[in-house]
Amino acid sequence: MLSVRNLQVRYGRSVAALHGVDIDVPADGVLAVLGSNGAGKSTLLRAVSGTLRLHRGSVVAGSVEFDGRRIDRADPAAIVRLGVVGVPEGRQVFARMTVEENLRAGGIGARDATRRAAARARVHELFPVLAERAKQRAGLLSGGEQQMLAIGRALMSGPRLLLLDEPSLGLAPKVVARIGEIIREIHAQGTAVVLVEQNAVMALRVAEHAAVLEVGRVALRGTAAELAASDDVQRLYLGGHAESWSEAHWRHGGRTLARWER
Amino acid sequence: ACGTKGGGSGSSGPDAEGVRTGSGVTATDITLGVMTDKTGVFKNLGLGITQGNELWAKDINAAGGVCGRQVRLETVDHGYKADTAKTLYPQIEPKVAGFVQMLGSPVVAALKQNLLSDKAVAAPASWSSELLDNPYVMIVGTTYDVEMIDGLSYLQEKNLIADGDTIGHIYIDGEYGQNGLRGSKHYAGKHNLTVKEVKITSTDTDLTNIVTGLKGDGVKAILLTTSPPQTGSVAAVNKALGLNVPLLGNNPVFDPALLKSPAASALDKLHIVASSVPFSADLPKAKDVAAKYKAAYREPANGGVPYGYAVGEVWGTVLKKACENKDLTRDGIAKALKETTSAGTENLVAALDFSKPGAPATRQVYVAQPDPGAEGGVRYVKPLFEAAEARDYVAPHQK
Amino acid sequence: MSDVVAEKAAPPKIPSPARETGRGRWVRRLAWVALLLVLAALPLYLEAAWLKAGQYVMIGGVGAIGLTMLVGQAGQLSLAHAFFLLVGATGYTVLSGPADDERVFGLGLDPGLALVGAVLTAALLGLAFAPVAGRLRGIYLGVASLSLVFLGLYLGQSAEALTGGTSTGRTPAAFELFGFPFSNGGPEIELLGVPFRQAERTWYLFLVLTAVAFLLARGAVRGRVGRSWRAVRDNEAAATAMGVDVTRAKAGAFAVSSAYAGLAGVMTALWFDILKPDESEYGTYGINVSIAFLAMVIIGGLGSIPGALVGALIVHGLPQALALYSADLGLFGETGGSALTPALISSFVYGAAIVLVVLFEPGGLAAIGRRITSRGLSRKPPEEDPS
Amino acid sequence: MNTFLQLVVNGLGKGAVFALLALGFVVIFKATEVVNFAHGSLVLFGGYLVVVTRESLGWVGASLVGILSAALLALAVERLLLARARSADANSLALLTIGLDVIITEEVVRRLGVTLPFLGEAWDAQPIQIGGITLFRTHLVALAVSAVLITAFFLAFRYSDWGVAMRAQAENREAAALMGIRSSRVTATAWLVAGALAGVAVLFIATQDFSGAGLSRGTHSIALAAFPAAILGGLDSTAGAVVGGLVVGLAEALSAQYISFDFSKSAVFLVMLVVLALRPSGLFGTRESTRV
Amino acid sequence: MSLAPLRVENVTLTFGGIRALDDVSFTVAPGTVHALIGPNGAGKSSCFNVISGVYRATSGRVLFGDTELTRLRAHKLAKIGVGRAFQNTALSTRSTVLDNVMLGRHVLTRGGFLTDGLRLTAREERRHLARAAEICAFLGIGDVLHVPVAALPYGAAKRVDIARALAVEPTLLLLDEPAAGMNAAETAEMAATIGDLRAALGISVLLVEHDMSLVMGIADRVTVLDFGKRIADGSPAEVRSDPDVIRAYLGAEEPA
C-alpha cells in the first residue's frame, strides 16, 4: 500500500536527514519504526505526509508511492484526500480552539457528513475525556489529554493509512497500553498504521513489522518478533535495565560537578 | 595628508567698477537659490512659483541682466521635507547670493538659524508675519493676519457680519493658521466679535463635526485658514446642514480643482483674501506673464506663476539698489533690502516697503470669489484695498 | 531475521564551531578601529552638506540601536519611538533654554547637563509606560504604543511654553562642552587648511555619541541584561523560573530604548537648530518616523546592534545622498505630478528592502554580514541570535 | 440636543466604514495571524483603479473593477510574497506588509499626481433632512453595506468549514495540513476577501461626505485610523470589528465637539489604551493564554 | 549549603469548574529524589506550577524550609534555590547552548544596562561562563556550547533545559518529564545523570515522569496523584504494589 524507495531527504542546503530509506507497509499492516533521537523517524513521516516543505526540507531522490500513486511531490491536502493522515510529533493541537473545534477541523478532509458523525461518535468512545471537555480550549488540556485529542482529530477523516509520530510521548503507562490497543483496533477496522515510537515495548507488541532507523538509514528490519529478539534492539530500545544502567553510567563517565557555592 | 576641502567663500574685493561681490556673485553672473518642492505635497504650487521665477530671470537677462551680470537660478528640490532641506542647504548656500524662493513653513523654520548666520536674504513662499523676526526674510505680499483683518472688514462692509456676532475660525495649527487667527482675533477685539477657534491639522479633511458644532454655537460666519480640501469640506457641510453662512479664507484655501468637486455647488459662500493676483487676473502685467507662460510651459498654471514672477521683480529691485550701492555682498544685499521702500511689480502684488523691520511689506489685499466661469476659477469682488483696522495692527515682531 | 544490522552508525553529527578564534577577534577589532579612523578623518574631505547627511545617519543609528534592543532583543514591538524623540528634543531645549525668556520656559542648564537630563527624562517616561506595556503583547503593544505618538504630539502642540508651539517652535541652545561650542561661535579652528565650524564640530560630537551608544548597547546585549531580554522574548515562564523579573526586564528595556530615542531626539534638535512639534501626525516626530526606525531595525536584522547602524545608513542616508547627488549630477530633472524623485526612490528602496529581508534573510543585513565575516574566520551557524 | 444627535449620527455613519476597514484586518488576522499593515494601500489601489476606469466603464463598472483589482492585488501579495516566506513567523510577515505598504502607497500617490478625484458619484454630498438632523447618504449606504457584509462574515466564521479551517491553519500550519486543510487556499481566500473589503471601503472613503477629500494619501491615513478600531474590538473578532468601528466613529465625533477637535485623534487612541489596559486582547478578542 | 524540605500543604487549585489539585499534601525530604506520578491530567504539571509560582493556589500553601513559596512572586524562587526544567523544553532556540545556560546564572550575578554596557562585569562574567560550561560538560553537552539550540536533537535540547535549571545552583530541582521522547538507553543515561546529580551535589529533586523504569529506579519516594487528589505516597515498592495506583495509573500490564 505504501512503498518508500531509496528516499533521500535534506533540510535546507546542508542537513541530510535520510540517506536512502526503503520501507513497505502492506495494506492494513502495522509498521513500527524505531530509532534514537535524530535518526530521521519524523522526517520519514513528513516525507510521506507531504509536510517536509513546512520544515524547509525536500526530497532529494527516491520516491514515495501510495496505492501505486507517486505522492512525494503531492501537497499534503491531496495526500489526506487519498486517505493518509498524520499525527505530528508533540501533539500540535490547535491550542486556541476548543476540543470540539479541533475535532471538526480534523473532519474537514472528509466530505461526507454521516461519516463525520460516525467518526465523532467513535472518537468519543475511544477517548471519553474529549467529550467531557468539548468546550475547553485545547491548549489548556494536560499533555496526555492533548495527545488523545491529536489522535482523535486524525481519526475524524476516516483515514486508510494513519501515521503516528511518537503517540506515547508523555502518556501514562495505562494510557500507553490503551493507545496500543486503540492502534490495534484501528488496524482491525482496516486502517494501516505507521507507528514511530521510542516506546519499543508497546510498538513491537502492536506492530507486525518493524524497522530501526539509524542516522537516516534503515539499520534493521524484520517482523516485530524478530526485532524484539535482536540484541541491539534489546539493549537500546527495550532496555534490559540492570545492564544498560551501569553501562549508561559508564558512558556518562562518572562526571562530577563541583558543589554549589551558595 | 592634507584636507582637500576648499576654504570659505567669503566676500572678495571690489571688481573693476568698484562693486564689491560675495557668495554667488561673479564678474558675469549673479546666482540666486531656489529651494522648492517639486515632489512633495506642495509640488503644484512649487512648480508654478519656480516657473514664475524662471520667466522673470529670462526677462531680466533679455533686458541685460542686473549690474552687468546675468541672473542664474540654482534649484534644489526638498520635497517639502525639512530634513532634506537641512542637508541641501549647506550644499547650495555657498553658491548663491540669496534665495528667490524658499518654499514651506517647516523648511523656513528649520533654516532660520542658517539664514541668520549666513546673512542670506530669502523670499519664503510662506506668508506668516511670525517669520519677520528674521531680518533676512523678505515676504512678498502681505501676511495671513493682515489678510484676515482686511477680509473681515470686507464682510462687515457688506453687512454679512455685525458687531457682537459670533464667528468661527478653523485654522491649521502652525505658523499659517496661527498667524491667520492672530488677525481675526485682532479684528474681533475691535468689533466685539466672539471667535470660536477650532484648531486642526493639515491632514484633516472631514470637518463635518466641526461645522456641526459651530452651527450649535450660532456662528454668523466661518473663517478658514486651511487647505483647499478642508475648504471644500466646510463649504459642503455648511450647505448640507442648512447653516449657509459666509466663509472667508486666506489666499491658500482655494484651488480651482474645488470647482470640480462635490462641494462645487456650495462654494458660492466663499470669499478669498489675497495679496497676489491669480494667474488669469485681468491686469496688463498678469496677462503678459500668462502669455509668456503658455508659450514656455505645458503644465496647467496656477497662482504660483505670477507670484513667482513678482518675487523675481522684487529681487531685481533689491539687486539694482545693491548695485547702486556698489555692494553685492550678502551684507550689501541685506542693506539694500532695508532701503527698498516701494518695490513695484505692476500690481502683481501691491507696492512693497521693506524698510520697517517686523512689519508686513504691504497691507493691501484683493477679495475674490470662486467662479467656474472665470479662467483660474475666481473673480474679483474687490480690488486692492487696505482696511483701517489693518493699518493700525501691530505685527508680532513689528518694532 | 531478514536483514542484518547495517554498519554501526555514528552518532548524529552536530556542528561545533568555536566561539571566535583569537585571530578572528583581532581582525574584527582592527576593522572597527580602522572604520573609526576613517570616520574621524572624513571632515577633512567631505563638504558640509555631506557631513550634515552623515550626522543624520548617526541620529538614525542611535535611535535604531535603542529600538533594536527593545524590539529585537526583548521582543516588545514599539511604534512609540518618535514620541521619545520628541521628549528628548524638548527635554534638551527646555533644560538648556535661557531662564529669562518670557515666551518660553527654560532652566538655563549647561548644555552637557541638559543632554543627560533629556536622556533621563525620556528614560523615565519610557518607564512610566511600562505598566501598560507589560500587559500587552505583540501587535496590540505596537498599536498601543502608537497612541503615545498621537498623545505626545497633542501635548507638544498644546504646551507652547515648553516646545515653542507649532507656529514658531524655539531654538535649542547650541551644544557646548566645557565652554567649547559645537557651533560657528567660539574660537576659529583650522586643521590642515580646513576650517572646523558647526558642521565639522557637530560631526565629532555625534560620532562620539554614536560610538558610546553603540559600545554600551553591544556590551549590554552580550551580557546579563541582554540574556534576560532574550529570555523574556522567547519564553516568559522560563525566564521567570530562572529568576528574571519579567515585568522589570520589560520596563528596563523600555527605559533603555526610550533613553536612546531621547538621545536621538537631542541630536535631532541640534541637527535642525530648531525644536518644533509637528502640527500633524507626519513630520519630524510623527508616525512615519516611528515606522522609519522600525524599518532600520528590520533591515539591519532584529536585535543586531551593528545591523541597526546599517539600517540607519539605508533609511536615513539614502534619501539624503540621493538628494545631494541629484543636485550634483542634475539627476531627476523631471518635475511635476508623477516624477520619480530622491525621496520617492528612497521610499521604494526601503520598502523593498524590508520585503526582501523578510522573504530571504530574516536575520537582516546583519546575518549576511555575519556570514561574510565568519567565512574563513570561524563558521557560525547563520541562525544564531545576533548581538 | 440637536447638535448632540447630529454628532451621534455622524459618528455612527463613519463608524460603519471604520468597521468595514477593521473587518479587513480581522479576516486576514483570523486566517494567518498576520496584521496587514498594507490594508491602507489596498484601499488606495482599489480607489485608483476606479479612477482610471471610470471614464470608460461608468461608476458601477469602475467600482466593480476597483473592488476586484484590490482583491486581486491582495491575492497576488499573498501568493507571490507571503506564501513564499513560509519560515517567517506572523510578526515578521506583518513587518513585511509595512514595506509593501510603503511601496504601493508611494506608487499610487505618484500616479495620482495632482488629481485628487472623489469616488462617491451616486450619492456624494446629497444629504437627506429629517427633523433637524441631516443624514449623509454616504453614511446610510455604508451602514447598509457594512451590516450585510459583517453579518455574512460573522455567520461564515462561526458556522462554515471555511471558518474552522481558517482558524486551524492560522494557528498551526503543519497540523492543519495534516488534516487535509489546504492552508494556501484558505489564506489566499482570506486575502482575496480582505482586498475586496478594502475595495468596497474606498468607495465610501473618497467622498465628500466621509472624508471631505478625494483619493489621496489622506485616504490611506483613514485606513490607518481603522487600526485602533480593529485593535480595541479584538483583532480576531468580527463582532469586535463592528463595535470597534462604531466606538471609534463616536469617540471621534463626540470628543471633537466636547473636548476639542485636535484632541479627537488622540481621543480615539486614548479610548483604545483604556480598553487595552482592562482587556489586553481587546473587547472581544481571544485572550492569549499559554501553559507550561 | 543548607538543605531544606519542601512541604506541599493542602494545596487546592481550580480552573473554573475543574479541580486540577484537590487538597494535595506531600513532603520532599532534603537530598532525596522524589517522584510525582499519576495519569494524564492528574495535576502533576499544575502542582509544579503552583510550587514554582506560575499558578496561584486556590488554597493551601507550599513551604520551602521556612519560606512560604506560595507568597513569593514567581521570579524570586530561583534566588532561594529552586531550579526548574520544563515539560516541553522552553529554551531560546535561536540562542546558543551556552547563552541559554548562562540565563540560569541570572540570580547569581549582578549587572544592569550600564555595568554590562561598560563591561564592568566582564571578569565575573568569565567566571560564570566557565561554570556554565562545566555544568554543560557534566550533562554531556560540553561539545555543543556554541551551537544554537534549534540545531540540536530533542534529547540534547532536553539536557540544555536541565543544564539551565542547574545553572541556578538550586538546592531543589524540579524536573517535568525529563525522559519524555527518549529511548530506553537514553532514559537510562538520564537516570544515571540524575543519580549523579544527587550524589555529587546532594540536592533534592522533585520529578514528574511517566517512565516507570526511571521512577522506580531512582526515586526515593513517590507521590501519586489522580484527578487532583493524592492517592498514594510511599517508597517505590509500596507504590508499585498499591492497588489504587495499579487501577488508576499503571494498569494491569507490566509497565514498560
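Side notes on the structure shown:
Per-chain numbering from 1; labels A, B, C, D and E assigned in written order.
We adopt the following convention: a contact is a pair of C-beta atoms (placed from the backbone, for glycine too) under 8 Å apart; a residue touches a chain by one contact, two chains touch by 3 or more.
Source: prediction; values computed, not measured.
Among the remaining chains, those touching subunit B as well as subunit C are D.
When chain centres are taken as C-alpha averages, the shortest distance to the whole-protein C-alpha average belongs to C.
Here the spacing of subunit D and subunit E, counted between their Cα centres, is 48 Å.
The geometric centre of subunit A is 77 Å away from that of subunit B, both derived from CA atoms.
In this assembly, the C-alpha centroid of subunit A lies 27 Å from the C-alpha centroid of subunit E.
Within subunit D, residues 87, 114, 221, 262, 290-292 each touch two or more of the remaining chains. Residue numbers of subunit B whose C-beta contacts span two or more other chains: 43, 173, 199, 201, 203-204.
Shared contact sites, meaning residues of subunit A that touch two or more other chains, fall at 37-38, 140.
On the side of subunit B, the complex with subunit D involves touching residues 41, 43-44, 173, 198-201, 203-210, 212-213, 215-216, 229-230, 232-233, 236-237, 240-242, 257, 261-263, 265-266.
Residue ranges on subunit E touching subunit C, taken from their complex, read 52-54, 73-79, 83-84, 86, 90-96, 99, 102-107, 109-114, 116-119, 121, 125, 143-148, 150-153, 156, 164-165, 168. Those residues of subunit C lying in contact with subunit D across their complex are 77, 132, 135-140, 143-144, 146-147, 150-151, 153-154, 157, 237-238, 281, 287, 291, 294-295, 298, 336-340, 344, 347-348, 350-355, 358-359, 362.
Those residues of subunit E whose C-beta lies close enough to touch subunit A in the complex are 1, 15, 37-42, 45, 81, 87-88, 108, 134-135, 137-138, 140, 153-156, 166, 169-171, 177, 180-189, 191-193, 195-197, 200-203, 210, 212-213, 217, 248-251, 253, 255-256. Here subunit D touches subunit B in the complex through residues 2-3, 6-7, 10-11, 14, 114-116, 118, 120, 124-125, 127, 129, 134, 136, 207-214, 216-218, 221, 252-253, 256-257, 260-262, 264, going by the rule given at the top.
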